[in-house]
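In what follows, subunit A forms one complex with subunit B and a second complex with subunit C.
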Partner chain A sequence: MILKPTLKDLRTIGYYLGRVITGLGFTMLIPLFFGLLRGEFNPVLDFTITLEITLLLGLFLSKSCFTQEDLNWMQGMIVVSLSWLAAMFLGAVPLYLSGHWKSYLDACFDSMSGFATTGLTLVQDLDHLSMAHNLWRHLIMFIGGQGVVIIALSFFVKGSAGAFRMYVGEARDERIMPNVVNTSRFIWIVSLVFLALGTLSLGLAGIYGGMKPGNAFFHGACVFMAAFDTGGFAPQSQSILYYHNFLFEVVTISIMILGAINFKLHYHLWMVNRREIYKNIETRTLFITIMVTFFIAALGLKQLGSYPGALSLFRKGFYQLISGHTGTGFQTIYPQQFMQDWSPLALVGVIIAMGLGGAVCSTTGAIKMLRIGLIYKAMQEDIKRIILPPRAIVVKKYHHIKVLFLEDKQVRPALLITLAYLLLYGLGAIVGMLFGYPFLDSLFESTSAAANVGLSCGITSAAMPSALKVTYILQMWAGRLEFMSVLTLVGFVAAAVKGR
Partner chain B sequence: MKVKTFVKPVLGISTEILYTIAIMLAAFLLCLLLTVFK
Partner chain C sequence: MKKALSLTLAICAFCFNLACAEGVSSEELIKDYRLYEGKEVVFAGEVVGDVMLRGEYAWVNLNDGINAIGVWVKAGLARQIQYSGSYKAQGEWSEVKGIFNHSCPLHGGDLDIHAESLRRVEPGTRTEERLDLNKRKIAFIFAAILCLIWILSLLNRK
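Moving on, here comes the complex of A and B:
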């Protein structure tokens, strides 16, 4: 029997949703003040309107639903999934008002793509977008990468059990510190330290490439936010190809890999033991899968002889591969080149890399390294069980911050989530094929959306069917939240309709 | 004590950057091998 949600449930959800929306509203002050400084008054108006709508909605919900009750698991999950939808709808308003998106749906697509750190975009004439709007596009990636709810946890919600439930609902199941609010703050510290280092390095690389200092550091900050949060929006329509700068490419590769590392591991390396990087199951798996998938892609590229030199193979082949593997989506080639210059084998290499992703509790999407590592270890364990005598006791261990024993309770969820991702990649590809796109193109774009990557082979454009845009939005949303909170919302709605 | 507070994170960040450089070097080596052995 399914129980109908009570008024108390709705009240608690409404209150915490209001707090998250209020937190989101305050982040709009950053592009607003930036626009004022730059003298971009139309964008300032766009952000003032959106800020008012957001704060009014947030305050209305938190006042009208005021409660001192803490969140239970179901409510926490629903607050998270609704927060992400609210963030998409509200974050799209200034984008739509800019006039650079053909419809509100297109602006919502980019807004979800930004918050989910995907990087697919439907923007028109990006090269003439105001700097305040451009900053907002990159800022939503930074916010989404940290987690929309992390903002509320950091500043607006006290460290309660409910806060932890929201934290888990946002696909971060690892607590770095005993208190979840301190964990959120540490995530911010890591991001801000790398923001300073990354902006400086990219700014200097830009100056070295001939950019003016002000412009170089603005681009550096924007590109850093998109790279570290494995988002993939770029300030220019040609993505990283715009810079034609090898140094810039090397720095972005470094930042993308740093963004794909577990925040818990960052903490351990910074505060406890830096040798963990050699032993950790995720860093080891990441290294191996990068090399294996790049080998597949490089063999595919060799078939067509698209990039005959080692340096061009690195700059064009490896760059797209690492961008896909870390879930970033920066490109140093035009989208159409994937279909023209890349053989099917090379594309399969990139699709596998995109589908695997980075570490858990990082800003990447997709299946993730810990799960791949655990499944591999479980397979090894099962094969050993078959080979060894029946009386032999097989014990498998792995290193993730400390030595852990492999157990079925870890392998089962890893396999379930892997299966869910594979289904999501496949479903999106089927929808793409329904609209007449070839199989490989559809699978490439679907995996890119669901794994929150952002590489495009050319399907994503303002001209694509609206149903496909909605499909990709849903894929980005479900992929970023790792299904559980989205499925809880579906169950909640079903209970509201069918429950007693 | 205060120096130690800063040294550990700096060493940690350096280790992470070295890890990214190791990945890039390994990938470049693979590029070289693939272009040399045709």
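Moving on, here comes the complex of A and C:
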């Protein structure tokens, strides 16, 4: 028998949702003050209105649903999934008010794409967008990369079991510190230190490339936020091609890889435990999959001979591949070039890379390296079992921060999540084909959306059907939250309708 | 027969060059790059973003309303650009004549144009920002509601 959610459930969910929304509202002060500083007054009004709406909604929920109850698992998961939807709807308001998005749905698409660190965009005339709005586009990637709920956990929610449930609901199942609030704060400290260093490096690379210092550092900060959070928005319509700068490309590749690494590994690197990077199953798997997928992509590129020189083949091929593998979505080619200049084999290489993703507890989406590593180890173990005599005891170990024994309880969820991602990629591709797009194009764009990558082969545009936009929004949402909280929300709604 | 064939080919080539010289769009350059690869093209668009000086040359990005294309141009010509497109300015509409590269060997495979000339077609302007009065009204209304709620919650506490 399915039990109908009680009023107490709704109150608890409403209260915590209100806190998260209030936290989100305060982040809008950053573009608001930046707009004031730049003398962009209409954008300032856009952010003032949105800040007021957000605070009103947050206050209404947290006052009307006030409770001192802690969250249980179901409530925690629902708060997370609803927080992301609320972030999408509220984050889209200043974008829509700017007039650079054709409809509110388009603004919601970009807002979800930003929060989920995807990078697919429907913006119009990006080259004339205000700096305050541009900052907001990149800031939502920074917020979404660390986790919308992590902001609330860091500043507005006391450390409790409920806080841990929300943390897990946001697809982060690894605690770096014993306390989840301290873990959230550590994630913010790492991100802010890298923000300062990354902005400086990219700013200097921009100045070296001939940009004006003020613009170079603004672009540096925006591109850093999109690169470290493996987002993929860029301040100009040409993405990274705008800079025509090899040094800029090298720095962004380094930042994208840093963003694809587990925060727990960052912690060990901060503690000067450099050996962990060589031994960790995730970094090893990442290195191997990058090599294999680049080999496939390079073979494909060689087939068509689109890039005659080895250097340009490497520069174009490797950049798009790393961008796809880390789930960033920066491009140094035009979207149409994927389908024209890249052979199907090269595209398959990029699609596989996008589908695999980076490390768990990082800012990337997709299946992720730990799961791939575990599945590979489990296959090895099974093959050994078949080959060795029946009495032989087969034990498999792997190194992830410490040496661990491979057990079914780790492999099973890894396989389930992998299967769910593959289904999501496939479903999106089918929807794309229903709207008349070819198979490979549909699979490319669907994988990019569901794996929160942002590379586009040209399907994503304001002219695409609304149903496809909604499909990609749902894919980005489910892909970022790794299904559990989204499925819990679906179950909750079903229980509210059918339960007794 | 041979003469007729070569004459036809010459006429075709002349017509094609004439078409290129009349100006191509960014979409044509990206889509039909095989037609224009290594040939002289005329491309026009709004100067957007930074004019990035690199020694004797500079990078200028021209946006024709569909895509922005990178143009590698002599620094002296680039210095003549007064307005480039941003939130606060409408960039000048410029026309470049130069060699189109689908995968430029000099610039790591970038799709670009190595310009021989750059000509201002329409001057740029500074964009005057007019305050949206409706937005201002809405912002004041919401601010008043927020203040009211804040005062009520303070009174409730007492």
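Quick note on the criterion: the second predicted complex is superposed on the first by the 499 of 500 C-alpha atoms of A that agree within 3 Å, B and C clash if a C-alpha of one lies under 4 Å from a C-alpha of the other, contacts with A are read in each partner's own complex, and residues count from 1 in each chain.
Please note the rule applied: contacts are C-beta pairs under 8 Å (C-beta built on N, C-alpha and C of every residue); 3 or more make two chains touch, one makes a residue touch a chain.
Since the model is a prediction, treat every value here as computed from it, not as a measurement.
In the overlay, answer first, second, both or neither for which of subunit B and subunit C A:W270 touches.
In the superposition, A:W270 touches subunit B alone.
Count the residues of subunit A touched by subunit B and by subunit C, then name the partner with the higher count.
C
Of the partners subunit B and subunit C, which touch A:E69 in the superposed model: first, second, both, neither?
neither
Who does A:G309 touch here: subunit B (first), subunit C (second), both, or neither?
both
Once the shared chain is lined up, is A:E407 touching subunit B (first), subunit C (second), both, or neither of them?
neither
In the superposed arrangement, which partner chain does A:I290 touch: subunit B (first), subunit C (second), both, or neither?
It touches subunit B, and subunit C stays clear.
After lining up the shared chain so the two structures overlap, which partner does A:D382 touch, if you call subunit B first and subunit C second: first, second, both or neither?
Neither subunit B nor subunit C is touched by A:D382.
I'd like to check the shared interface: which positions of subunit A are touched by both subunit B and subunit C across the two complexes?
308-309, 311, 313
What residues on subunit B touch subunit A, complex-wise?
Listed in rising order, the residues are 8-9, 11-13, 15-17, 19-24, 26-28, 30-32, 34-36.
For subunit A, which residues are in contact with subunit C within the complex?
Its residues touching subunit C are 40-42, 45-46, 48-49, 52-53, 55-56, 59, 63, 97, 127-131, 209-212, 215, 236-238, 241-246, 306-309, 311-313, 315-316, 332-334, 336-337, 340-341.
Which of the residues in subunit C come into contact with subunit A in the complex?
Interface residues on the subunit C side: 30-31, 33, 46, 48-54, 58-59, 61, 63, 67-68, 70, 72, 85-87, 102-105, 107-112, 129, 131-132, 135-136, 138-139, 142-143, 145-146, 149, 153.
Quick one: in the complex, what on subunit A touches subunit B?
So the residues of subunit A touching subunit B come out as 193, 197, 250, 253-254, 257-258, 261, 266, 269-271, 274, 277, 283, 287, 290-291, 294-295, 298-299, 302, 308-311, 313-314, 317-318, 322.
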